[in-house]
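Please find one structure pasted underneath; my questions will follow.
Each chain gets a letter, A, B, C and D, in the order it is written, and its residues are counted from 1.
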Amino acid sequence: MIKAGIIGGSGYTAGELMRLIQNHPKATVDFIYSTTNAGKPVTDIHQDLLGDTDLIFTDTINPDVNIVFLCLGHGQSKDFLEKHSFASHTRIIDLGNDFRLKQDADSFVYGLPELNRKEIKAAKYIANPGCFATAIQLALLPLAQNSQLTDTIHINATTGSTGAGVKPSATSHHSWRNNNMSHYKAFEHQHLGEIRQSLMQLQSDFNHEILLIPNRGDFTRGIFATLYMKTDIPLATITEQYQTYYQDHPFVVATTENIHLKQVVQTNKCIISLEKKGDYFLITAVIDNLIKGASGQAIQNMNLMFGLDEKTGLQLKSGNF
Amino acid sequence: MIKAGIIGGSGYTAGELMRLIQNHPKATVDFIYSTTNAGKPVTDIHQDLLGDTDLIFTDTINPDVNIVFLCLGHGQSKDFLEKHSFASHTRIIDLGNDFRLKQDADSFVYGLPELNRKEIKAAKYIANPGCFATAIQLALLPLAQNSQLTDTIHINATTGSTGAGVKPSATSHHSWRNNNMSHYKAFEHQHLGEIRQSLMQLQSDFNHEILLIPNRGDFTRGIFATLYMKTDIPLATITEQYQTYYQDHPFVVATTENIHLKQVVQTNKCIISLEKKGDYFLITAVIDNLIKGASGQAIQNMNLMFGLDEKTGLQLKSGNF
Amino acid sequence: MIKAGIIGGSGYTAGELMRLIQNHPKATVDFIYSTTNAGKPVTDIHQDLLGDTDLIFTDTINPDVNIVFLCLGHGQSKDFLEKHSFASHTRIIDLGNDFRLKQDADSFVYGLPELNRKEIKAAKYIANPGCFATAIQLALLPLAQNSQLTDTIHINATTGSTGAGVKPSATSHHSWRNNNMSHYKAFEHQHLGEIRQSLMQLQSDFNHEILLIPNRGDFTRGIFATLYMKTDIPLATITEQYQTYYQDHPFVVATTENIHLKQVVQTNKCIISLEKKGDYFLITAVIDNLIKGASGQAIQNMNLMFGLDEKTGLQLKSGNF
Amino acid sequence: MIKAGIIGGSGYTAGELMRLIQNHPKATVDFIYSTTNAGKPVTDIHQDLLGDTDLIFTDTINPDVNIVFLCLGHGQSKDFLEKHSFASHTRIIDLGNDFRLKQDADSFVYGLPELNRKEIKAAKYIANPGCFATAIQLALLPLAQNSQLTDTIHINATTGSTGAGVKPSATSHHSWRNNNMSHYKAFEHQHLGEIRQSLMQLQSDFNHEILLIPNRGDFTRGIFATLYMKTDIPLATITEQYQTYYQDHPFVVATTENIHLKQVVQTNKCIISLEKKGDYFLITAVIDNLIKGASGQAIQNMNLMFGLDEKTGLQLKSGNF
């Protein structure tokens, strides 16, 4: 069994890791670290686990676990790793954004399996992608691989309230968020860096603008993204390229049918819909922000690192409604 | 024009008062007091008023206004009034619970117009009822007046997230509250005191149990309450009593049809549905917790105190969907 | 009093007209026509009006009313008017799309007050704009007036479930729509024609693409639209132009602050937020699809046609939460 | 592998069965029968399964499957079984209400594992309990077993919109249901018969009233039920009885902590909270109406019938938010 430690245990992504590992046949949670909740049962915070676990939050790490998941606020992972040491065999997956960009990465591999599966298998340290970044990259990777990103990319993407974390705030208050919509950080979202980096990994001359408007949606889970770009390549050609690209990636499905967000909620899947309208190629991509956009992808990376089938523990019943 | 001051200006009930008074033909907001937001435009907090008002939050009261609305946390009104003085002609409506019970009331009149309209007209100080208390009393007053509360009263009532106030908390987080339901303070809600007091005002020998389970609902506004009691009085008799009781009360409608919460949302109305199933008399009552359950009722009381038609400024378009 | 007839009385826009006219000081509903509901109380369908109206749906028109509102399915207004005659003085406002384009318009004036106020005042027949069209035009008119629409316009707009009408369907089922998101008719929405027509009315040489992705949102009311275009005009200049354009239009507010959808829900307002990010000018516009996007705008047009203040009966309490 | 047939394949419970069996290690869907959708891919209706299954709806049964799940409208199962024959070894689980009451049951066993596990293991035909009935029985069985149901039982239970089925209707329209609440069939719900039957199976002299108000909630999945009864038994005693009763039932957890609906959504669990307030014993029970209240319980029954561990294929990640 893979013994896992979870750092930053009271947040949403830590909770999802707990839920996923609990049903994972080859892994177990060795400890879940939370300075604010140390000594309390995990079920005080992740109340749905009542009856499933007796684990207690701890403020002491076990440095000898096989893998550590860092579920800290962005910018806090480096700091944590400077203050705590793990065994030389311990693998680390950081769900924050500290090591995603190559200039910060040290020996961390960018953990998008559909881009870097081979490198992930050999990696000791993984920087798990951001949620918006996951949906957007999966929507664009086949184009990049074929050097077809030849114009400005226009993206509008809406995220659920879990995307903003468990800490209550004005814009996550139910009275405000219910039946509401707004945007934030238009054209300036922090995930643009990792997106561009991955696209350039496949299409090194890519230098077009990526215009992203991120929205706050009136739902709890998921990312719904539409992307379009001018191109004269026929839809049939592009569709074939997408299906080829993803044919051996079990969590990504490309289709020409209309799709909706709840097709993937509660799963590790990404569904991508492809359309051509006149000169414009329109891509729609949907993921669950906490699973394929965070904790599920982390488990997928863990599976690859430990030589397991990528899908182990990730064949999840869709929420759907 | 009635010059009004609002104390505790950044909360939900203060915002609703701003919205209501702004369209009220005989009243105007003279000042809106908020120590935390003093100096900021009101539209920084009540953003929907953008374009409608240039008012600035102040930390200075105008002691000479015609009426003051206290929108403070429960227990803070007494303290505020000890520290601040108003002109001898200034009327006061407290939306908190400091003066609702007779033992605490001093010269405050309990401001439920359908119970105490005559006294309200003559009052200088009003204790505005609680939201659950409003719905439940309106559902029971005709029975009490006819001394027909002759058995245990069973009540289940669900409130929206605005009922918990603007301050973010774990149970008002959208990720938690959306698609969720829970209850709190079962059989022990603080509004039971004022409910019993009003029922005994009409039926002095009333001494049966009132069993109330309050729920947190998955909506923002409104209270949906069902109440039942064993009785052998025929439905037709009771229905007639309700219609008689409320015939000159413009905001309360009694019906024998099925009802739903959104019939009253965004209005000052209370709709009451009456059914008889075997020996059980079942009453359903719906109100908007922030309007008939708080700020609308406060305006209704203001209208009565100043000799205006009760409905002035309160003929609101229903939200409905 | 203006005597109004409503045709197609069981739908959402007819219901909103009932609610608005009921509180309008200068108008009254003379009849509400519905072949499917003839003989039933209006409150059977518009249940929130219980206690407010005793009106009965009719299948007989009164041809002598002062104004008729057509709330029929798109394409049915022409047919209705061929089969029914009204008095020569009777004014007509069509809320469908039969007369919006000049080639179909006969003597109908396009009823966007912020574009055609003078013509509306003199008009006998009005084609009320579509909901997406209203939000998008209000977001762009000042640019068009200054001949500044000099590049492709990128629009992403999300509408609530009331936008799809009262008839139940798979994509309006609560189990499907709740916590979901999807798009439809990308780049091909039927409102693009009226949008282009209005922009060309102000900027006759406008010939750039308008790329619109309409989304189905997880809320009941409102349109949240973001629009952007490349331009080198400074934000301050544009902002001043917007404020100048809308300074005597009481329902439109231009701001440089962040906005959100619920600032306008339940009102006839449109709030427009202006930003500049690099070369891109980003506009956000929010309206209530049933009020400023339909029935409220129809009342605004009626007010203008009858020489009333534009705001009469339309100073509505914001829903906000 | 257990080969399963699903009859009535386009509804919610059939979809959930598809999702559950797909990840079940010992079962496979042999055919999914739908007369209205015969010939179409299953993913046309259950769109979340895109990429997971190539199954086509059929209007032909395979009479030799190991198990058949009937997901038909209430009252249609008998009719279906009269018209279609299965092999003598084929087991049947009816998710409708045709065989739940003993007078209708023929050889069907009432499939509540926490009541009839031994009989289920030996059964060939199972009548799967109703969703409200499941939550309510699980909340009361330990009391019945100890002959402690000694007074009227008061129940208020709220269900999500999936409880009303996939067919669109006025009260499942998102515009109506969102942010709304209502009740239906007060004191007369059709599940009362099977509830009373089960309680009398354990406490044969039980003859008190069961008063149930079912509500339509503003969420898609789940049942939130509160139940109370007068009793002088101490909480500690009752709690111990509940924990004893459920100690070897893996899906039911009894606690004295506060609970909320989303603790069980997307799982086969039932969490029961126990409180005593004065003389009143208050029970709160939450389930997912489609899983423990329907398809998950059907799989649990299948597991028992085929000698598998009850939990096989049912260790589901909680939805939680």
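Simple rule for what comes next: a contact is a pair of C-beta atoms (placed from the backbone, for glycine too) under 8 Å apart; a residue touches a chain by one contact, two chains touch by 3 or more.
This structure is a prediction, so every number in the text was calculated from the model and none was measured.
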item: Graph separation of chain B and chain D (steps between touching chains); value: 1
item: Label of the chain whose CA centroid is most distant from the centroid of chain C; value: D
item: Chain A-chain D separation of Cα centroids, rounded to whole Å; value: 34
item: Distance from the mean Cα position of chain C to that of chain A, given in whole angstrom; value: 39
item: Whole-Å gap separating chain C and chain D, where each centre is the average of the chain's CA atoms; value: 45
item: Sites on chain C at which at least two other chains make contact; value: 12, 160, 162, 175-176, 178-179, 219-221, 259-260, 262, 321
item: In the complex, chain C residues that touch chain A; value: 154, 156, 158, 160, 175-176, 178-184, 186-188, 211, 213, 215, 217-222, 224, 226, 228, 258-262, 265, 275, 277-278, 280, 282, 284, 321
item: Residue ranges of chain C in contact with chain B within the complex; value: 12, 15-16, 19-20, 22-23, 46-51, 162, 178-179, 220-221, 253, 255, 257, 259-260, 262-264, 266-267, 269, 271, 315-321
item: Residues of chain C that touch chain D when the two form their complex; value: 12, 160-162, 166, 168-170, 172-179, 219-220
